[in-house]
Amino acid sequence: MEDVQSQPDHRGIALDRVGVSGVRLPVVAEGQRTVAIADLAVSVPAETKGAHMSRFLEVVEPHRELLSLARLPLLLRDVRAVLEADHAEVAFRFPYFVAKKAPVSKATGWADVEASLEGSLGAELSLTLGAVVPVTSLCPCSKAISDYGAHNQRGYVHLDVTPRIDAQGTAAPLTIADLVRVAEENASAPVYPLLKRPDERHVTMQAYDNPVFVEDIARGVALALREDPRVAAARVRVVNQESIHNHDAFAEVSWTRT
Amino acid sequence: MEDVQSQPDHRGIALDRVGVSGVRLPVVAEGQRTVAIADLAVSVPAETKGAHMSRFLEVVEPHRELLSLARLPLLLRDVRAVLEADHAEVAFRFPYFVAKKAPVSKATGWADVEASLEGSLGAELSLTLGAVVPVTSLCPCSKAISDYGAHNQRGYVHLDVTPRIDAQGTAAPLTIADLVRVAEENASAPVYPLLKRPDERHVTMQAYDNPVFVEDIARGVALALREDPRVAAARVRVVNQESIHNHDAFAEVSWTRT
Amino acid sequence: MEDVQSQPDHRGIALDRVGVSGVRLPVVAEGQRTVAIADLAVSVPAETKGAHMSRFLEVVEPHRELLSLARLPLLLRDVRAVLEADHAEVAFRFPYFVAKKAPVSKATGWADVEASLEGSLGAELSLTLGAVVPVTSLCPCSKAISDYGAHNQRGYVHLDVTPRIDAQGTAAPLTIADLVRVAEENASAPVYPLLKRPDERHVTMQAYDNPVFVEDIARGVALALREDPRVAAARVRVVNQESIHNHDAFAEVSWTRT
Amino acid sequence: MEDVQSQPDHRGIALDRVGVSGVRLPVVAEGQRTVAIADLAVSVPAETKGAHMSRFLEVVEPHRELLSLARLPLLLRDVRAVLEADHAEVAFRFPYFVAKKAPVSKATGWADVEASLEGSLGAELSLTLGAVVPVTSLCPCSKAISDYGAHNQRGYVHLDVTPRIDAQGTAAPLTIADLVRVAEENASAPVYPLLKRPDERHVTMQAYDNPVFVEDIARGVALALREDPRVAAARVRVVNQESIHNHDAFAEVSWTRT
């Protein structure tokens, strides 16, 4: 049977990445069973027609229930080998749950964040752990200029963090829970799945006592990550669903340890 | 050339609606040029194989720049005639803009709502005007139980309103601006595209002075629509992007004048 | 501490449903661990101000890992009792995976469908099992009028099926896998996560040998469900991502056993 | 009234971009009235607390109905001046319509693409014109290995093209229609809003006669752009909604003229 994908190509154009996207898979990530959307790709040299797409689904299978920063390099090596490529890239996005206690009643519920594990392997190995963490933000300007009240809203802290990788190729042990903590510590208050009335009173006043602009959250998170020796680089983007506007406000900063 | 769609079908199953969906079109709605997503459909009797889909695109063309509650019956009649069907249904969803003045500075900006025009024509004519209106809501419970502050957030009021149709088949003259007004009047405060500091102070205190639950907004809107003689039926759904939770709160009520 | 939600309301408007939406939860559905988006609601009588939203999160907890058609009535009874309401409604949407063998190579991969479990309990109990099943459809018209080739595309079969409920309140044992099977049997071919070249040859010719309009798929599925004694009612909506157009084609039919 | 945003910040972290996102606006782009989603941002130096967000809405107003590659530099200069910033960034995404004639019947309909205009102005000026163009792709492998038929599907060609800018700061006159043409010329066939049966026969056979992998489309588009002297750099990403799979296939290549 003819193998069209293996035929030569004569246009002289190497492709940066060729692969499958939007692949939904049952996975275990950081030990938690969840459902991921995966993108898997390789580079294709100028003289080759294309990639054998079905192999991506095969090569991911033995890694699917072991996803973590520590596992990604092994998956990337396999992708590169099985697809016979110079450069491999993988990305998994998945909901991740943290059990969260309400501040006064201690009632517990499941807080979800959108997490991600991404990596690429070419001349170098690069890894990224990501999370989109919902928080409360309360506007300092609104508080300062009003006789009472202050507008507040749900905000989302997007963190994409590159861990340090040591000489043995081992990534510093960053976890999704670390990213959640740093996001919540720099907002006006965390959000919770389950709050009883004494809890609601607590978080209402906590937010009013800790007003922060979207810029403040971004800076606070960036500073905390910079002080964490496990972090080699980070991109922080904070988006507030402004409660007085029908558009969002955002602040973004990227940083690489030198 | 063979006309497969016109062949008979022997399974004895009439189809409720067959058509095209996700058709993006440049339109003029209530006199405003915008971009709509259209769904157009007809019923197909048990003995007919299918609908001639390309005709939907042709039949909508002369109506495309004249969309309104008044125009929908003419479009529905054309769809029914050209597709040779008993029952026709059309739906257009589109952004609609209202120029909005800030409350103190009077600075003007463009406020957008997601609007819709829907209709069906079978044994009877039915029309619906819809809008999804962003508002501010401030929680009465949070205000009552806290020493200071109160959580607030952006909420969305979804209105689907059926106008009265008189004996001549003319719909009562409801407009998108009517729906925006009734939604905003029953929230804690409107949202604005553009607010200077004195405006921000104003809306912060306005919201604090008008705390409403998601249930209150739904009831207030339902009551206002019931008192409007142009309205024959309505469905109201209010969704709050709770600023202290990572999920939404909602309230819904449907009502038909009897 | 003041309980604002329990105060009386004087506007005389009962609310159809009040609750939480977009609640993401780790669940086990039909025995499979996955992640659901849940909406949970109750009716609120005219004289009551609102629902105690935090209770929804508490009441779902003991049912969360046991979701099925058989379990929904117990959850609904609990929601009604804990929220002190006349009418309760719950809906869970979640990805569900089926291991699928390629037709020739027998290579196995994970096929995902978007599934749902919904129920309401008021004067009566109502249950719905849903699935959105991707399939291949190949156009009979295109095949008939062309000298060679035929346009084909991915289609989605949306099934919402109400099982029969016996005198003891037990739902007929319908499963998500049942819905997947009936959708695939009425399309031109199934879609697969993983196909090697002999498989691709097989499904290409299978689709060409089984051309169906979007109307045919809807009718075939409706007929199959009608012949299944476990089914009391069904709604079928088929949407084709037309490969020759930038919009979709769809067909829809609802049916209730009488 | 206190101006909190203008207060100094002491954390020593400059922000890459601070602004508003998801701003929906009525615009005129390349002379066509449509609706855009805008993101507008500036850099914020380490010692400044934040940006005055309301100014973004004011500064965009006089440019809103004149959007084009030629206009972006003027808008960027105004953003930088009014926000008192070193670096400004703007992005507009909007549906754009092209009147399209069916190949045989010449029946005309409106084809929509998702277009974008983006720019940044710091030490240098950078501009990008983008389009997401739907096309038909037919698989060469499926055609080669099957006795009859071939799987095909809708694909989307994402083009982000940087025009050459001359010494006077004038961008080469690239248009959205140019991007649509290059995408369609490198696919198996264009998609159309409106096809009569002789047209459907034509495009069915046209696609069968022009099989291309997702890799081929990416390479063909990249090559065409490289041969266009107006183009300084380009990023091409092609995504096929594989009709035999429930995931997509993609190919991507970036290129900068040196």
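Going by the order they are written in, the chains are A, B, C and D; count residues from 1 in each one.
Everything below uses one rule, namely that a residue touches a chain if its C-beta (ideal position, glycine included) is under 8 Å from a C-beta of that chain, and two chains touch if they have at least 3 such contacts.
It should be emphasised that the depicted structure is a prediction, and the values quoted were computed from it without experimental measurement.
Steps from chain A to chain C, taking the shortest chain of touch contacts, total 1.
Chain centre most remote from that of chain B: A (centre = mean of CA atoms).
Note: centroid distance chain B to chain C, computed from Cα atoms, is 25 Å. Chain C and chain D have centres, each the mean of its CA atoms, that are 35 Å apart. Remark: chain B and chain D have CA centroids separated by 29 Å (rounded to whole angstrom). Among all residues of chain D, those that touch two or more other chains are 1, 23-24, 112, 141, 145, 193, 195, 197, 201, 245-247.
The touching residues of chain D, when paired with chain A in their complex, are 1-2, 4-5, 9, 11, 13-24, 39, 41, 44, 49-51, 53, 140-141, 144-145, 213-216, 218-220, 222-223, 239, 245-254.
Residues of chain C that touch chain A in their complex: 1, 3, 23-26, 33-35, 54, 57-58, 95, 97, 107, 109-110, 112, 193-198, 201.
Residues 111-112, 134, 136, 138-139, 141-142, 145-154, 189, 191-193, 195, 197, 200-201, 203-205, 207-208, 241-247 of chain C touch chain D in their complex.
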